[in-house]
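Structure in structure tokens, see below.
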């Protein structure tokens, strides 16, 4: 195909895509995909504790610092990023913002979509982002929405890993081997100066998922996997071979 | 790889593999896989109503008729078949029979395994077959079981479609396009003289799953799918690309 | 009782009631029930692909064509139909529209209510319609809502069959035998010129549910069932006999 | 029909049928049903604390006392009772005992079957009794089991109320109005001298279920319900009317 | 600690906190906790049937009567109560009201929070109240919300008992012994003149939960428990000892 | 109380108690509890890959090496350990072995019990061990089992952390702070020479659970938690205070 494939990430706050899908972005970007991240908010109220504690802060200063971090991480991972600048804690998504996301789907025609877990009792912005990602996808498929545009097919939807997986009823049914791009993801992670306490946490997540991925291909498999990301595929897959 | 890939089907009764996995067998067989079906029983007591109503029947006559039908279907689909000849209604699997199935795993080294749904309130033989299929796989992975033999890796396990899916809490997360081998599956189905009332039932199942598979790749997809089989993959997949 | 019993169907789009509850409507109508369908939208944006592809279309033209089809189907099935003309893809239900539905409950005093499944990852309008059907029922029960009106009792709520049942976590716990009105339902289905690809799909659904209903009364039962509709009853039943 | 209808209760211990299904038995017995209870064990080890504390007890004495209580309760309720005298805590059911239960099904041809909840973390005998009740039903349906006998149809299976419902994942979807036979059930309950602490407990259960049943028919309903029993119907119902 | 501990109850209607958490309030109040109840509405439309049937009623009169009852009950239990006076049936919570609840969290700094079950098919106001209780808690934790205020820690959230527990998928994982304050709770219950039919219902609930609590500490335990309340703890506990 | 409290761990294989409950054992042992571990098997067939690969091995040699490792770990943690020496892969537990475990309950009178997750698709020995732990507890509570002995109360049952938590449907609802005994657990872990690849894996598990435990007490809490173990409490707790 002449046009490269593309992928879409819908991120509630401006750092989520790095911790949770940074490996997928780096890997597909490296393999020629056009990647796009939509950050619904900057996480300026709820996920910027360290910045606020600096003192002399305003919402605008925090947003600006968060934008910069996210942009740098995006550049390292090799993805476009668009900031919708909606509020956080609580995130509220108007129908206007929803339609803007529909436009992204129509323009990008993603081969697959990544967003948050369907539930998260610790963070209501996260499942709302996933809900919106799904709803925009459905509208983008509708022939009667802006007739004349090319509708979207049925890109698979994946939920990336939340912070406390079991509390979120999130179960990975797909492991992505990110060993070859781990150093890229780690560099992107290190852009998140405001959440340094999470660097090692998500490094350990990647190592644990790597061990589990290895186990799920079996000890007899040749492939060595050191780092992985877990995903819960929401939509069924359609295949021509079961192995 | 010089050795062809292989696949294993664990079927509670001697006709289950035809209705529920006939398309997968025909397709992979056509594509060069070595296929093997283990029929734990002939379904002689619980799934041979038509034969019993003929009158002048014995268990041995029913088993013999069922074996013949299953063998013919297997030949059409292109698979080996082994009959364990355990009892049905109720199926009982001794540790000795379990170990015989472990031997099959070790010898076959299947790339994937197909068996029944994890639950079935209408038929307790079915979930038991799946349980045994999983347990044998686990034992076949153990280094301490018959040390010296090559252990089995981590072949994915799929649950094929039960009769009343929703009552069995079975959800297909994988659709297999069987359009190109549908005629083969239909011919195998027609070997099941004793259950003629199910021929059209499972033809309709294949058509419905075909429509659903098509919907899950999206109307924009080029691939035409007319017939499909649904599978519930039990074990996570490990991938290098999410599209 | 002098007043005939009545039933209510809450349909997200103008064709849903035909595919999913056409048999129930035709049967109860035939048996003397007053039937009423509320179509929240025409499905003009999301379920009218064929009409849009004709070219030279506008929202108003599509809505008009959809209304006409639905009215014809309703006439064949023997039901009143009221169009709320809310938007679709996404459906949005204001409190004003909700109260209009409450009025319908109060006026109709339905013996039971049919609507969509509680979940549907392919279509967010569907579960919203069910949610609204339940919420309106609760409000119609409140003594303090328009005091002086007769409140509604506790009509059972049923979820009718969605397109991909297992993905919607929908499980039929009630089968309705529609054999004697199948021809009526089929004629109503054939009014849906814009979705001809679904005619055979839902004919097969009725046949499959017929086989399953037969199985659930047992092969020894006298009653012959050829076509059925599946329903998931949401609210408990209260009975005087368990057989 | 000339032959009266019949019902079957499979009770793990010799008192369970009284607390949990006494109303259903009394009501159907009164309405002309032939009723039969199978007590798999006497509950001699695990549910006879008061008897054991009397001192000078043996297993045989406890069993004898329990049998007498159960027989008296059965007489009051109007049901046959058969004691299989298997062990309790833990209950173990051999294939021979299972086949004896199959014989009961074949002879009784029950219109419906009542047994325990599918899970019970406080009592493993209970779900085993349900499992066996279901398995015997399946075998009794098999044409190849003792060919020549009349097979069983598809009698609905209900789980009656366990002691701590929510811990057992038991949800009542059917309430049976037992107001008119409550005094009979209470008299049967009072036969259980060894478990007097439960008399008021299960009287309160009946009152609570009565209030809930009333709520589920609505305050506008004429029928007065004071006492009820809750049941979880496991198998789908097949109906000709949804009200 | 110098400052006494505090607890928060978020109640959809003005009587819910009495039936469902009255024992917890009385007990903690007695033990020195500062208690606060937020009533989102008076339940004036949906839970005041008896008042409406008196005739000559207006919304204002009903609200006034409900407020008086609730205030009296609160006084007896020993808790502050604040009425948000939002609408009921349906309850609607604006972001403004949500922020008012956030203020309560920040001011009160509760050690734990009680609200409704996560689901309730009979009453959509109840789960909404719980949703809002959780969302306000999350916002109160955010450093960027009104920076300078003391943020809230991670107070455990409990769902108190709904009317029909199993239909609400509510499972108690925590029993609170309220024996010593039962008389206080009963007196508070008796303030609810408008819902006298529930007095005995919730007395029986307390007795049943008492029996169950006793069972869960074991018959060998010294503590006598006569009355209890059941709670479903939503958030994990962090402990230094497992007994 | 004069007699110290005690705790029981039921471990399918001889190393499980170290990875999964080593912190709980070390902590409670340090705090004066009598601790006892029952190892149902040595894990000689399924969890001793490294030993088998050494060559020149027999089942007896492997068992002996595993016993020695486990005994050393137990000594470090401060617990008694008893080896039942049943088979593994598959584990099979006879009623005789079950009764031996009942004896342990009766003699030990544990304040709480730890065992495996209720499900584990990767390892059927694990859920069987939990099943047996629960069943033995139920029998130990029965007055009619070896009358004269002191029966067991209702010790809470916890499922400790399995290898792939989400695949096992295991959700931690209790975090145990093991920071002060982490070094002890680590030393015990290092006894497991045959599974060195798991040392770092379970160190990371403890760190992740530590971060999560910290999050669940809130950032405002004084207590510092670095290492934790997650547990799923199966049985409800009975408390006198909700904070």
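Every chain is named by a letter (A, B, C, D, E and F) in the order it is written, and numbering of its residues begins at 1.
Methods note: contacts are C-beta pairs under 8 Å (C-beta built on N, C-alpha and C of every residue); 3 or more make two chains touch, one makes a residue touch a chain.
Composition by chain, UniProt nomenclature: A, B, C, D, E, F = PIG-L family deacetylase.
Here the structure is a predicted model, which means the values were calculated and not measured.
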Partner chains shared by subunit A and subunit B (touch criterion as defined above): C, F
Number of hops, subunit C to subunit F, where each hop joins two touching chains: 2
Label of the chain whose CA centroid is most distant from the centroid of subunit F: C
Copies subunit E and subunit C - interface residue numbers shared by over half, same or different: different
Separation of subunit A from subunit F, taking each centre as the mean of its C-alpha atoms, in whole Å: 37
Centre-of-Cα separation between subunit E and subunit B, whole angstrom: 53
Shared-contact residues (touching 2 or more other chains) in subunit D: 49, 122, 141, 167, 172, 212, 215, 219, 235-236
All pairs of touching chains, each written as two labels joined by a dash: A-B, A-C, A-E, A-F, B-C, B-D, B-F, C-D, C-E, D-E, D-F, E-F
Sites on subunit A touched by subunit B in the complex: 5, 7, 24, 27-28, 31, 111-112, 114, 141, 150-156, 158, 172-177, 212-213, 215-221, 225, 228, 231, 233, 235-243
Touching residues (chain side subunit E, partner subunit C) in the complex: 44-46, 48-49, 52-53, 57, 59, 62, 89-90, 92, 121-124, 167
Subunit A - residues contacting subunit F, complex: 49, 122, 163-167, 169-172, 200-201, 204-205, 207-208, 211-212, 215, 219
Sites on subunit E touched by subunit A in the complex: 95, 98, 134-135, 138-139, 141-145, 147, 234-236
